[in-house]
């Protein structure tokens, strides 16, 4: 059940039986020679939509922009500053919790968002703990699930790619995005086959020096649409397990 | 050409021949008894994607959240504060202009965004005029086009609905969103047939008092998928005219 | 009745009979070869003071600085960033509404303020809709009236200047400011007689390139003190109509 | 020479011979039973205008709103938060210094502004010291002169009122504001004759408890229009001394 | 070598031979019945000071306040909001990097800081990647080392406490803080012996409900001053390894 | 009684008998050829710790960073922007007052903090006066005491150093910091013996031009550890007088 496709009366009815919602969040950033700029948004969106349809869980619109400052030297990247992303998440959470959503799960597709999301949740909770937030304040449980770190997904990536999975423009995320957008599949030779490894904690110019074609430690030429379908299944199963535990937590 | 489906190398190639980009921007807010919460994002997105495909113009990911504070008393609405939306737009513009995009057109689907978008552009230009912005600063032209105010769209809405078009949850936007999302069409009786008219300049509780089912002056039960297709054609034609003039402006 | 000239006891007495107040807002920016830097503040101030005296309406001190970033390449211009102006308006509104002013009308003299004012009002309302604003929150109605867009003023400008009225450093505003400040009248030859037309959506350097002497589409050498007096009368009549409707709105 | 009454060409000519400007800054706040809400703005404005006319110094528009949070429980008070006032001052300074004004003197009429003004100047300088400010950055000298602390003004107040001068709604400022606005003179009995003394470092409710009619330690019934004229002369002389030393400082 | 105890000339000399600096960062928050409110600051400070003395590395003053919103329902806790801590870190980094420190290692004592520190680093890098940061911008490498996650420290805690180490008010950090502040050792009975486990992602009231005496999963009555000395040694060794690798990284 | 060395239960017990707390605040900035970078933090910290021990007053962790932008051209200086320091103080105050501390005294060691501290207090009070602060809001009294301006300290400095005391890197603060950190005493020749006098209101480059070795008007070679002990005694006596009056104020 996608929020974008519902009427407000349908949301009102949903809230009578359920207090949870899933918000896909990604990034718009380069993903190497054969990965899509939208990879990090497309992957969690695909998993969330599939789960939402199967299990009747409400899925908010995807947050397409994330914290991608280190990729800005590659054209097509659009980054929010961490402070901006925190404001977006704060407003999203305040809007939803004010209407009775007490359990908000962000399904994240981008490692670079993790720190900022954690800070954003703390900013929201701090308003409550300092009693400067919404008055009165309802119950509020927030969590992040990184689809690419779920146990089934990890196991599948390990079995398919081993060391060639990498940490950015990974084979698994390229595969999943291709399954979600088969018309956008690109066949590109990689050189070197496995990209250099290293840290992304730097600014954009330095990042491009370290990782000239944008990949980090991966060989995404191993990806395939068929793999992508298996990642979708694994991701939906991982998410469903996490979501059910989350919404029944006290 | 959708940015989400491109690689960075494809964007780099695009920038060698063209400096313009279209960014759809909408809102996530109630649209009355038969309108979708995602209407304001779906409509400009549909027009931009169609134009992008026909004419090879790059289309950035849709900004799904807008300034919708007055709708927050209806469940499903997610609003950014104006200051948050300004930060999002500032970062989007700074990211793109730093890579060589000199002409950025925001295709807007929500009247409530207009003031904030204007303030956001001025904030970006003020950084330049005060010389505290990016150093060095490249050429930068910004514009907003509200698809629902284009001449062909206006004429079509007038001919189809006359006074029943209204100003929120309008018949035209419901029609276009249905064409874009036919599985989400809802048949709902409206009562009264034409919703009350009035001002949306107030807070959420007051708005819900003034407009009990969320519509403003409209009868969207007149909408149809077939109408939606015509609005798409009209919208693409209006946008193409505006875009061509914009990217060739000095 | 000017707030600056009242004691707090007089304001307290006023609030027992009336909940409305008028806040003139302008800008400090170049107005071409014969227009005063203070034109945009002087004009609404003159109208508000006259109306306040005739009809006993309270008039707050003039907000002399506005959003004028595009004029910064002309000496004498002082601009607030949109975010700064929003903070000023937010604090002004919060101060007044906390004391019982429920209807606040901003009488605006500068087109460049319009978007930012709209965003500022939405920011104030969003605090309320998200329940993070003043606790408890009283009734609050906000509106902007642009004196230069009132029907009587428009008609007068059309009849006196036709196409030579222009859009910045207009003949009408120069006339009104001269009537308000007769000692500051300047006789300057204009070349070309009617300034170029175009868009002000750009940064300061680009604006000065487009509009070398600061005027936009106007011939303010047509202005006269006598015209100014007629604009004052027209403006007061326009404002009085708008104000009465506003303060009696529910 | 008032900036509001000049054209940009006149300002350009001024900058060829002089780099200094005076910015009056006040507050909009209660001033007891016979003091005007605008006292703190009217006083420095009157002094600055008089000096500007006598000595040809450029005077910017008055900043009418200051930091007056402690007076908010008295109707008619409008306060900026310190952070807002800092943004206003930062933008004012950045606008002026970008055009070549290297010596900016703020003529202050409100003790409550002093800390915030000092913080605002430091914020501007910090941008420069951290090299995140305007690029390139020109020379910039900032200073505050509190007219009510000038030696001639202090001496006159002491001789006229002694202990009854007080620290808010003082006899001297009431006198000066009356001279500047003779039509607004009010004759009101004070009870007690001299108001209680104490600290204003508290919130608005507490302030009103401490100082029930708004005065702090003063008996402004001693004020007269004739005294006001003498304060104007003293203030102009004090300011002229300070201004000349300031603009010739290295 | 402690920065607080150096003169600027000594720092200048240091910068001629070394570009690295260590900044201890902690928190001021409850640490259960026998743990000190300052534990999270005292521990990294003790390790950094010891290493600084042994190896001649410069150590900045300790950042005593961190992100501790979830502990605010226990008296004595002082928390910064994440946005505030980000501003503090941004200014610290900008100050140091402007003087030639190119490698800044934050030695962290509080798990709750990790997300915010990551966001703060990204905010600093984003200013550079968007070219709105210091002009010109020198080389800048930032890293965090959490002393409690170093391999030697982990191994020691596992061998001494096993499952009773816990995740807040841990036995290891209590031991180290006691060694650093032997006069503050407290002998308190714990009930239950091992505190409940769970998540700290919630607001302050909820946290106190979940963890009534403040501990999370720990039995800090196992701690001793003698253990503390061993943790200091382990921590210094872990840090020295990390620091040397960091400052020689390209 | 140092907060860092207490448990939360000890703080809870303290709050049953006392509502006051002392927060030392300093700066990290150059202090001339023989003064320590940490002087401004070390001095108030030493006085507060001594008083806390003698009289059982709770002392919060020292705020080591202050507003030191003008010293940034000397290596080792770390400055917060005023806006950052205001956020730190706001969060500190909000944290403590939410737990029942109603009287918070900041013991300040740095003249450059004074304006910003005043602005920070006003920002906190403004949230209350505008009713956007903590709900409900408890009693809150805030004050600053500058140890170097206490009567006993002033008298001692005058008697020991006369005109050679100066205004930055003063003989008295160097003496006190040496007594607190005897291992860090430096013997350095000063040239000229007494440093130039002048204003610190400028940016960092200009400050270094005006004051080449960092001192302002002082000869700190007169300082001694023995003097430092006397300043400590004087400072404790001054503070105790001020603190007792403060916590018993209504």
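All chains are identified by letter, namely A, B, C, D, E and F, in their written order; residue positions are counted from 1 within each chain.
Here, a contact is a pair of C-beta atoms (placed from the backbone, for glycine too) under 8 Å apart; a residue touches a chain by one contact, two chains touch by 3 or more.
Quantities reported herein were computed from a predicted structural model and do not represent experimental measurements.
In the CA-based superposition of chain D onto chain F, the rotation angle is 180 degrees, rounded to steps of 5.
In this assembly, E is the chain whose CA centroid lies farthest from the centroid of chain C.
The distance from the centre of chain B to the centre of chain D, each centre being the mean of the chain's C-alpha atoms, comes to 46 Å. As a whole-number value, the distance joining the C-alpha centres of chain C and chain D reads 24 Å. Averaging Cα coordinates per chain places chain B and chain C 29 Å apart.
In chain B, the residues touching two or more other chains are 72, 79, 81, 83, 91, 95, 98, 127, 130, 132, 135. Chain contacts here follow an irregular pattern that is not a line, a ring, a star or a complete set.
Which chains touch which is summed up as A-B, A-C, A-E, A-F, B-C, B-D, B-E, C-D, C-F, D-E, D-F, E-F. The part of chain B that touches chain C in the complex is made up of residues 67, 69-70, 72-73, 79, 81-83, 86, 112, 114-123, 125-130, 137, 140-143, 201-205.
Looking at the complex, you find that chain B touches chain E at residues 91, 94-95, 98, 127, 132-136. Residues 2-12, 15, 28, 30-38, 41-42, 60-65, 72, 74-81, 83-84, 87-88, 90-92, 95-96, 98-100, 181, 183-184, 186, 188, 214 of chain F are the ones touching chain E in the complex.
In the complex of the two chains, the chain D residues touching chain E come out as 130-132, 135.
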